[in-house]
Amino acid sequence: MAIEYGLNEEQEMLKTMARDFLANECPMTHVRELMEDDTGFDPELWKKMAEVGWLGLVFPEEYGGSGMNFRDLTILLEEMGRAVLPGPFVSTSLLVGIPILAYGTEEQKNEILPKIASGEAVCTLAALEEDGDWWADSINIRADYRGGHYVINGTKLFVPDAKVADYMLIVARTKRTENPEEGITLFLLDTKEVYGTMSTLLKTMDETRKQYEVVFLNVPISAENILGELHQGWPIMKQIALNTTAALCAEMVGAGEKVLEMTVDYLKERIAFGVPIGSFQALQHRASDLVIGLEYSRSLMEWAAETIKEGDPDAATAVAMAKSFCGDTCKKVVAEGIQMHGGIGFTWDHDMHLYFKRVWTDDNAFGDSNYHRELIAKKLDEIHQLAGGGRWKITSGRMIPMG
Amino acid sequence: MTDEEPGKLEALRQEVRAWLKENLPEGWGSPGYVAPERGSKEAHDLGKAWQKKVYDAGYTGFGIPTEYGGIERSRAEVAVIRDEMQRTGTPPPAGSLGPMIVIPTLLRYGNEEQKKRFIPKILSAEESWCECFSEPDAGSDLANIQKTGVRDGDEWVVNGQSVWTSGSKFADWGVVPVKTDPNAPRHRNLSYFVFDCTSPGFEVRPLKQMTGDAEFSETFFDNVRIPHANMIGEEGQGWYVAMATLEAERGGGIQFVAPSRRIEPTTLGGVDIYVELAKNTKRRGKTVWDDPIFRQRIAQFAIENEAMRHSRERMRVKAIKRQLTGNEQSIGSIFSREKNQRQANMVAEIMGANIQFMRGDPRALDDGSWTYTFLRTRGNTIETGTTEVLRGIIAERMLGLPRSRQ
Amino acid sequence: MTDEEPGKLEALRQEVRAWLKENLPEGWGSPGYVAPERGSKEAHDLGKAWQKKVYDAGYTGFGIPTEYGGIERSRAEVAVIRDEMQRTGTPPPAGSLGPMIVIPTLLRYGNEEQKKRFIPKILSAEESWCECFSEPDAGSDLANIQKTGVRDGDEWVVNGQSVWTSGSKFADWGVVPVKTDPNAPRHRNLSYFVFDCTSPGFEVRPLKQMTGDAEFSETFFDNVRIPHANMIGEEGQGWYVAMATLEAERGGGIQFVAPSRRIEPTTLGGVDIYVELAKNTKRRGKTVWDDPIFRQRIAQFAIENEAMRHSRERMRVKAIKRQLTGNEQSIGSIFSREKNQRQANMVAEIMGANIQFMRGDPRALDDGSWTYTFLRTRGNTIETGTTEVLRGIIAERMLGLPRSRQ
Amino acid sequence: MAIEYGLNEEQEMLKTMARDFLANECPMTHVRELMEDDTGFDPELWKKMAEVGWLGLVFPEEYGGSGMNFRDLTILLEEMGRAVLPGPFVSTSLLVGIPILAYGTEEQKNEILPKIASGEAVCTLAALEEDGDWWADSINIRADYRGGHYVINGTKLFVPDAKVADYMLIVARTKRTENPEEGITLFLLDTKEVYGTMSTLLKTMDETRKQYEVVFLNVPISAENILGELHQGWPIMKQIALNTTAALCAEMVGAGEKVLEMTVDYLKERIAFGVPIGSFQALQHRASDLVIGLEYSRSLMEWAAETIKEGDPDAATAVAMAKSFCGDTCKKVVAEGIQMHGGIGFTWDHDMHLYFKRVWTDDNAFGDSNYHRELIAKKLDEIHQLAGGGRWKITSGRMIPMG
């Protein structure tokens, strides 16, 4: 199968519909209302998103889904990035829904996926801990087997949308061995059924995305609620990270493109020294640089989304490349967006800072640009080793191709 | 720095250190200490009280003639005092605008009466100041100011609006350039006033920034009456007086930096806090400092800070030799403000997920001041003239390149 | 890429591989092989002969209608052929200008007779081409061309001068825009010609670059007579024809890049030679690859190369859907050419002292071609329209920003 | 003593004189003639440089010198950078003259320094070897003690001005221990007195600076010709590197400032689209960036020169900072110089490329920008350790100052 560049007709429709939907149902005025809310969650809006089929977009119809694919999902994410949409969409779909579809038992799928698709169940993932660090060694919250079930104790941090989550996927340590990636298990907690969890809202920069500290105090959970295999949770976690990272790239590109559009509009309108500031060549050239950066961000992002859709072995590489480039570029775009707007872009009432904060938060999630660039460096090293020292050799003052 | 008796300087150092111990707010700098909220009346009052204490102790007011309340100290003494203050950390002064921009403006353009009336109370922090420069339609284009002033006997009646007024919430006095002759050409149609912020018709509305704080305001002049005696400089000379204010602001307190001979081993070229932060932050089992990419980025800032220190000294010497045109300040202004931003970006990347914590979250390092700085520095390259305007000044006034569109 | 029978493609791969073994110049690619000097007649002849062989074997000429000598292949076949050629490395073609810029121009604006006359001989490398565009006083401002053409019966008499003429030293034919109506407004006063380089009055003087080579020339037109039949497009339409040529040039052969599905594990996103170089270069006891700063710089280029690959594919799909305006090529042109420069800088920093060795020094890696590239890439951001001009195109034509000074 | 910022009257005179001298005696036409010459050496010009006191500028008068200081010397270097001066000035003065003054015996000083000052003796340093790498471990050429004298065998590379050198300072290994910085000895060879050295011109990028391969075949040299102590040559070598690096910073800044001036002139003259290109705001802003970069380059360079003049313990830090910043900046300046000149700046006949090549060569010498930035990073680490973990500590969520 070939990579599909650009959108097909169905996807064009999805995009147009999504843009219209968000413009109508969650304009910036509403985003700002949700920022003031401790949960950032609007049940009405959520219901409407279910009705248009977004919440089960990639689920098969048998689970109440729309049967669309991952690339389609990223189109929504782009639009959500443009709209700086608050609420638990990423948490529910990417962090929990897709993993259940991929790794859940038939029972788990039958129980939860239709609820997600219909908007009945909001979900989230509790992965990071005190150090906010994204690697297996930081998973220290314990799930001990006692009296026929597991008991979870410890504290999770940066848990998105915890307060409104009906299901919480918990990344816990069930065994400590030499290899920190072993002995991690994912538990799917029905938050309405247990006591002992306590969520506290964190005061974080991007107020459109609510994050929480969640303390688990002797929370019992049965072995049936394990997602995947006991001790074998980390590979699933890695796949969750991969999918979500690709989705965040789409969100960043959407946000970046919107910022560029707003900035170009402003450059045309704003008069200084008697002319539109967009006629100043220095600003023109800087705007052009943003166009260039976003073209390549989008190219890598679409490729990454396609590899995930296809289950392509290149997915890890594609996603790392996309995250690194989109992160660097979109951080530059939002910074330039503020700068070119001048004073007004620095105010609370202007929307620029919402994009600024969203992009920086996205860049940070699951490893920032630097981290992903280093992954590519490691990959280059690996391939070079595998190829037995590469296909070039320097001999007698020449770099010559091998075999 | 002259070669002074080292014993005398050491005594001063001990004196300052003891004084600080005695006079700093209770609990200052200790982990349990909670500072008043940034921008609050409490913070303002604390800063004001602190600044007055420092002035009364003779630890500020240097370089200002004594007849206006200035205090005489040798450069070496100033260096010792500044160093001890920095080492300990002190409350931020309330209304740094008075010392930073109003005094230089008054010294250059004020008459004797004005200087005697205003400067001493700035130094003693009895009166704090605001600056009503930017307007909604004249951001970086100062010559396009729309506020009008009409003469009425011994007074001027001023109408109009400012944005990005700094320091206005609790200010006692303000400076404002006003169009007093609508028929005069650009650069000749403004006059510059100081005015009493309690004047009827002057209104302040807080302007919230992306940090969530309202450090600036919008200010409104509705038939505000300002005595003619409060005009600084001549009628029609306001643009030039305003430029002097801006130059002082862009220079960012060049005059307050005392030279030091050696690289301070304790501050590592000003990056010691970043080294500490990087060494205290772990990422995937290693400290961030172990990552050569961050190590070199921090080293780069040490280099740039030293470069700025020596450049300031070069400028100071040039100023003494009267070789400065005033345009050179644009260089330091662009570089330092863009450096602030780059530094803040690096801090955000070092801190990773933790940069998200804002003031008020118990996990926020230093009560969120790192995050505040990260967001606040976005404005650095816009306020007091965008870096774009300053680059134009370098190109046209220093390099003599033909004027681009204006 | 369509799903073709893999066996068929594999057979083609073996065929190409065997053909290359058979037909490459004796000793090509082996350490002892000495290539003819860059820019020499020998190099030109070698390239010409090689290109003809490749064409005769059916390994080039794709995407061109067969009536003009084009060769039909599926995209998959093209990909296989290109891959094998790249893997082995082949002599540089002589006069890439013909295929790259003249054919697209002729296909768009040439009449049937012109297309039949010129395209086949370009494909077969029987005739090579030069491009007389830039003038001493009209570098990036094509509309300001000063060469004049005066009609005399069935001929035009052309006078004027070009600089930066590429490919002219051994070219058989040239393309040139000429001002044929001095009274017409900008963009309507030029006509575009192909001309025979052996025409009396046409003179070529080599123009030495900072590399020390004379890859370009200055060319002089002294009453050169060009038949009217050699005009491409209409009289007065020359600016538009010339823009088509430039677009093709700036697109840099977009049409020749075949898509490949997978990251080539062997080329590591095109940076394999840099990985190899870094691993083979030691600095203070460690390889340069061990320095994370260089490792990440190389990784960044792998990322950028993949980004460019996918962007080209996006453009190709857009072109098929007729969603391109032609201005998009500026994006790839700026990015790729600036990337070339950044890559070359990195190579220079990796190689350290050894980047100094020029062709002819026995210590020069690959006979100095790395150093040549380092110096040569300085021109990349100037030739075929400076990156400044291209940024203006993006700003004005893609973003619709108001025209800056012109 | 305070750092002297800017120039005193005497220094202003030196600078003016130097600029006039080089404009008259070595204009660009002459530079290009010397590029064509295999030695790049003009004995007439050298003689005139001796006459105006440049060749012994920092030597005391007792050795025929002018008694000026290191900062004065860097003023000359700046002017030489502006003029892209060919010839063995750096080799003779920085690489050999000053080291002899600092470390030579009275006999060595009496013999050689007056000859240098009078222009009779050209000198050079043979330090780098095959790998072109600047550290002690790469010093492998041997000087073995046999029959009452040392015998040198091996190959040196990148030896500047070898063909015209009357004295050659050779960095050779006399002992191999665990510590590669031990067992290195500096020998001062009178090239006219021995056989067995063979110099071959290298074909290198910057043709204004001729470099050679020098092969030593059983070259005998007496112990009296050691500079400094046996086995203790490396510390001297480090000081040579420090001085010369500071001098190269001055040369780069001089070259960079000249390039900026040429570029600004061109921006005022060159007409495109009907106006001088200097009125294009994008180019204006980029020119301004070069002004900024050069201001800080000069600030660090002058500081570095002062620390060397004063024997200040900060010299190593100051020079590393200066080299890193001046290298980065001046490489950018010459690249922008070519770009803003457009096609003409890319030709052989225009002088831009001479500056480009000189600056890249200077940046590379004795460690490039990256290397020196890493030195500063190491220094930061060292100071931090020394201060017992720095003066800040992160405790209870606060970064607080220590004692």
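The letters A, B, C and D name the chains in turn, as written, and every chain counts its residues from 1.
The working rule: contacts are C-beta pairs under 8 Å (C-beta built on N, C-alpha and C of every residue); 3 or more make two chains touch, one makes a residue touch a chain.
These numbers were taken from a predicted model, which means no experiment stands behind them.
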Between C-D and B-D, the pair joined by more C-beta contacts: B-D
Relative to chain A, chain with the most remote C-alpha centre: D
Separation of chain C from chain D, taking each centre as the mean of its C-alpha atoms, in whole Å: 40
Distance from chain C to chain B - Cα centre to Cα centre, in angstrom: 54
Numbers and ranges of chain B residues touching at least 2 other chains: 291-293, 296, 363-364, 388, 391, 404-405
Contacts with 2+ other chains: residues of chain A: 275, 279-285, 370
Chain A contact footprint on chain D (complex, rising order): 280-285
Footprint of chain C on chain D - complex, ascending: 128, 131-135, 137, 157-158, 202-206, 211, 271-275, 279-283, 331, 335, 338-339, 342-343, 345-349, 352-353, 356, 360-361, 364, 368, 370-371
Contacting residues of chain D [partner chain B, same complex]: 2-3, 5-6, 264, 267-268, 275-276, 278-281, 284-285, 287-289, 291-292, 295-300, 302-303, 314, 317-318, 321, 324-325, 370, 373-374, 376-377, 380-381, 383-384, 386-387, 390-401
Interface residues, chain B side, partner chain D - complex: 1, 29-31, 87-89, 259, 261-263, 265-269, 271-273, 275-277, 279-280, 289, 292, 295-296, 298-300, 302-304, 306-308, 310-311, 313-314, 316-318, 321, 328, 331, 334-335, 362-367, 388, 390-392, 394-396, 398-405
Touching residues on chain C, where the partner in the complex is chain D: 134, 137-141, 144, 163-164, 207-210, 212, 282-285, 293, 341, 345, 348-349, 352-361, 363-364, 368, 371, 375, 378-379, 381-383, 386-388, 391, 404-406
